[in-house]
Amino acid sequence: MRILALILQRIAWLVPTLAGLVAVVFFISRVIPADPVSKLAGETASRAQIELLRQKLGLDRPLLVQLADYYRQLLSGDLGTSLFTTRPVWDDLYARLPATIELTIVAMIIAVVIGIPLGVVSALYRNTIIDHLLRIITVAGLAVASFWLALVLQLYFAMDLGWLPLQARITGFPPPSITGFYIVDTLMEGNFTRFRNVVAHLTLPAFTLAFPALATVVRFTRAGVLETLQKNFVVYQRAMGIPSGLIVWKYVLRNSLISTVTQIGLLFGILLAGAVVIETVFQWPGIGAYAFEAILQSDYAAVMGFTVYAGAVFGIVNLVVDIGHAILDPRGAGA
Amino acid sequence: MSTAIDVLRKLLRDPAAAVGLLIILLLVLIAIFAPLLATHPEAIWDMNPRQRLLPPSDMYVFGTDRMGADIYSRILFGARITMVIASVAVGAALLIGVPIGLISGWTQNWLGEVLMRVSDIFLAVPQIVLAIAISQTLGPSIENVILALSVTYWPWFTRLVHAEVRSLKNETFIEAAIALGVPTWRIILLHVLPNVASPIIVRTSIGMGFTILTASALGFLGLGAPPPAPEWGRMIAESREFLPQAWWYALAPGLAIFLVVMGFNLLGDGLRDVLDPRIRRAGARR
Amino acid sequence: MPAPDDNLLDVENLRVSFGTERGVAKVLDGVNLTIRRGEIMGLVGESGCGKTTLARAILGILPSNAQHEAGSIRFGGEDLLKMPHHRVDDQIRGRRITFIPQDPFASFNPLFRIGSQAREVMKWKSPRRPENAGRGLFGFFSRYPRARRKADEADAVEMMRTVQIPRADEAFDKLPHEFSGGQRQRLMIALALMPQPDLVIADEPTTALDVTIQAQILKLLKRLVKERGVSVLFTTHDLGTAYEICDRITVMYAGQEVEMAPVGDFFQRPSHPYTVRLLESLPKPGRELREIGGEIPGLIDPPAGCRFHPRCTHATDICRMERPATTSVSAAHALRCYHPVGATVLP
Amino acid sequence: MREAPILKADSLSRYFPVRNAFGIKTGAVRALDGVSFEVQPGETLGIVGESGCGKSTLGKALAGIHALSGGAIAFEGEEISRLSVRERRAAAPRLQYCHQDPGNSLDPRWTIRRSLEEPLVVHTRLKAAERVTRIRDLLRQVGLPQTHLDLYPHELSGGQQRRVGLARILALHPRLVVLDEPTSGLDMSVQATVLKLFSELREAFALTYLFISHDLSVVRMMCDRVAVMYLGRIVEIAPTEDLFRAPQHPYTQSLLAAIPDIGGRRVTDTFALEGEPPDPARLPSGCRFRTRCPRAVAVCAETDPALRPLLPNHAAACLLAG
């Protein structure tokens, strides 16, 4: 009941937020540039060609009408046609979605599975060597440019040592498309050679992508655990002689995770942002690389489609986070 | 009350924060005196095909790039671009974000609600996605990068200030000022603003680092300053086709970004420890 | 092994200090305290007097910046400070010495149901638990045999009925915030009594409650511990509460115990100047309020000798140099003062 | 002959809506529900009750920190509850509100001098030199040395901060001061000091106090009249001596019976009140106290008793009293 109300509330906010997002990008792109059409048409286009294109794109009409048109288009599930691939943007995004999701989820798992225990350890051993070491690592994780880290790792592990493949998702033919996630598909197919190949290809991009998120998880978990350790219920359980390992890893951790979980939305933002550049570096055929291509080609519809799509994904992730939060914290939002 | 000197003294006691401060000071000095410090100041714009892709040497400390320019000198000049982009973008974000946050945090009516919803729209996608969309439609230039970054960063300040003001409003001393009949503008400007200054300062420092990272990513994607400009992100992008042979090409700009961002993050962390009002207020009560 | 005398707990010359940013705070300065079997000992003092630190020292849960400098805490004849940690963890804390916290609102973990928090206590501390049961890795993977769990749970429900929790059998499935403050403190009392301890340490258990609820809780606690013959160390800053529930009272000031007397004697013949002034500062109709004057000293650089001397009208040079030894006003009434008020001191 | 009251509260109420998970209003918590009383110039009126009874909401509503849902407040004959924020400010100098710990009412980033000057800058046309003279006088009256003027709050002890906070409230020479739980959380010896200071200031500044507290022994010591609140209502109001000698409402009787009486019979032996206050969002029908009342009869569930005079100056809201 409470969770249902929460979902409805979030969805009710998601729609106007997305509409606002579209409007923002729309106006910035149509109002600020001197003449988007001549840019689109290219430098060699004649005046008549430009006018023709303008009419064809409907750009000669009032801005609000254009915006309303765009909304109508979006509502019917049409993100426009990519100028570059000449296919509907939606189809392009849909085809590339599994690659990005696979990469992002693996990165997220790495960040959470390694980050949370490290954060707890860092808090428990506050101001010791371990804590200082982890602090250096997390500060570095948040300071390093992910595309540069990607290049350095490629240079060392792929080019120099030759341990891992340089780029792409797989060598040779992809597995039969069942879910679109290669890890799952190769396992379902039972082809372990191909599975190992897929995992090897995933390793570098996933770790690169996970690194800043990992740093964030460690920091939030550390802060959360430190705060929870001060709480009276910890004093109480200690006073009642409950084993301290249990107090920390069962009771304290759950309380600190509540604040960490609310940050997972933020993490996802970090990952999605990272995906744009990291997919480019690793030639990963996901939507991040697609967005980059679109930028290079001045593919307006594709960039716009990617933005709307990113907003929607981000909104859904935050919805999932809220539900997770509601499950972890049974008291409800008001308490 | 901690004066600026007091804060500085406490910062220097924390080795990590001191390192951060030192890095930032160096960066500022480098940005100002780039022409004097560069070994080949003239060579950053010109093409010298004969000196293309030379490894580091006494002459070219960090090697040369595909145009034959001295990477070391380009890094120094790149510091200028980085500093200008980050400080103007964050400064503009401050000017937009803080007043909106103050108003929306204080007034709990429809105006505050609308302002928060607008800032939510900007937070609905990761900053870089929106910045990509904006700078792509505007075309690559330093001005457009600054515009894209400030337009996408101000909501972070708004959200921070909004939350701080909301909690400050429940503080006894603010309630007391209301009960005392102090005019609202006086309360906001003289009581609220100084008391939210600390988190704003911390956020500014961390925001500088974050903005530099985003700006360099835009540069890497080809959306930053146009080609001859020695923008660090773009330098890394250029290096890709010459890897692994010209390994030095990407090394220096990457390290430069890393050091500068780390400087701001360390300083921000240190400032948080020194300025955090919660710690201070708890201390004041004893 | 049983104690030779009827003292269950014997704290002797306990010195504890805390390392802080500004220096070392001498929080307990040679404190003595005895608790007999079956009695309620009140530990009275103002904030910062060290009563909570003393309570936590007995429980062995001082914060990491605390340092034991001297003294002993003998419980049932054995010094807890010298006992191996695992034995204190397993057999003493939460088992023979249990705890009722000050703030029932914050002392339950808000995310876990009452049942799982109660089960945790019983799994480790119920009297049915064999002494040599292991604790597994970090306390995880430790067996809780089904038969024992069922029996423990039945006991727990029974105990919740005893403390008058409405619909006790449903309480297990509820979250802490579904109970009022008074009910939560009843639950805390139930949890503290379930392991069948010898000593309960109640740290200001009624301070956070309203007067009518406080009266109910004090009544309940007193009845239950007297029925079961459990000893209680009851810390409070409120003399009225101490009068209600305690058999004997020890007064602390700035980390030193200053006077100890049976409750009747304590209120009729207070002898330490601090105790006297404290009683005079209680609002009472028809009497002018008398302040003590001055402020409680800091513990980083406390006054030498008797720490009350800067505020004491009777203070002389000796008070400023050396802390008085324990003397007796009567057989049961002990005092640490060179200049007791209105009483002749027995040697 | 009674003077005109300095403060007249007429059926004050403040409701908080209760919403379900979908944000739909399902009821209301009546934090204040038709509270009326008068305060005579120069007297101290005590408001007592347990947590959740609405006494704090009442104090903040009088101070203009919280808005009212209904009712009227007349201060010195002037209606102030419906004034705009700006107009309300004109009354502020004469009606002041004192937080639980007035020391916390100081901006941590302002010097004592600046904090004390603020009310004078806002409400008076005094020149800088005159303001300084006034501030120095104030400091003397609350017993603090002049050297403290340029310190920050955290450089003072808790007791000194409290005195500065009081000086700030008194800077405008108010006529009525609302004291909200001024002794809550204090140690006994500190409490004695604080109460003494309040008494001295009352004489020195000819103040009228509205003294909100949960501590009946303190109220007995400080107040001329006492109003007892339960779940948003005043259930009994009477001169202090009458109330403590012959309480009429069963709730007041229980409240008095719960106070430990050192040297007397032990409350743990005598106390009879069972149960806890009901959920304020789901009040019982009729009398709000009937679910706990030892004397409740059938009619108590039907009729909601109004506050009615039983003796001269003594009123209680109980059908069975008198």
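Per-chain residue numbering starts at 1, and chain names A, B, C and D are given in the order in which the chains are listed.
Here is the rule we use: a residue touches a chain if its C-beta (ideal position, glycine included) is under 8 Å from a C-beta of that chain, and two chains touch if they have at least 3 such contacts.
Everything numeric in this text was worked out from a predicted model, so none of it was measured.
Trainee: Touching both subunit A and subunit C, which chains are there?
Mentor: The common neighbours are D.
Trainee: Which chain lies the greatest distance away from subunit B when centres are computed from Cα atoms alone?
Mentor: C
Trainee: Approximately how many whole Å separate the CA-defined centres of subunit B and subunit D?
Mentor: Centres of subunit B and subunit D (C-alpha means) sit 50 Å apart.
Trainee: Between subunit A and subunit B, what's the gap in Å when you average each chain's C-alpha atoms?
Mentor: Their C-alpha centroids are separated by 22 Å.
Trainee: For subunit C and subunit D, let me know how many angstrom lie between their CA-based centres, rounded off.
Mentor: A distance of 34 Å separates the two centres.
Trainee: Using mean CA coordinates as chain centres, what's the subunit B-subunit C distance in Å?
Mentor: Each chain's C-alpha centroid was found; their separation is 53 Å.
Trainee: Among line, ring, star, complete and other, which one matches the pattern of chain touches?
Mentor: other
Trainee: Can you identify all of the chain pairs that touch?
Mentor: Once each pair is checked, the touching ones are A-B, A-C, A-D, B-D, C-D.
Trainee: Give the list of subunit D residues in touch with subunit B in this complex.
Mentor: 60, 63-65, 85, 88-90, 92-93, 96-97, 99-102, 104-109, 111, 118-119, 122-123, 152-154, 158, 165, 168-169
Trainee: In their shared complex, at which residues does subunit C touch subunit A?
Mentor: Touch list, subunit C to subunit A: 56, 59, 61, 88-90, 92-95, 98-99, 101-103, 106-112, 120-121, 124-125, 135, 137-140, 175, 177, 191, 201.
Trainee: Under the stated contact criterion, what part of subunit A meets subunit D in this complex?
Mentor: 1-2, 4-6, 8-9, 332
Trainee: Please give the residue numbers of subunit A that touch subunit C in the complex, ascending.
Mentor: 231-233, 235-251, 254-255, 258, 328-331, 335
Trainee: Quick one: in the complex, what on subunit A touches subunit B?
Mentor: 13, 16-18, 20-21, 24-25, 28-29, 32-33, 36, 39, 135, 139-140, 142-149, 151-152, 154-155, 159-160, 269-270, 272-273, 276-277, 280-281, 291-292, 294-296, 298, 300, 303-304, 306-307, 310-311, 314-315
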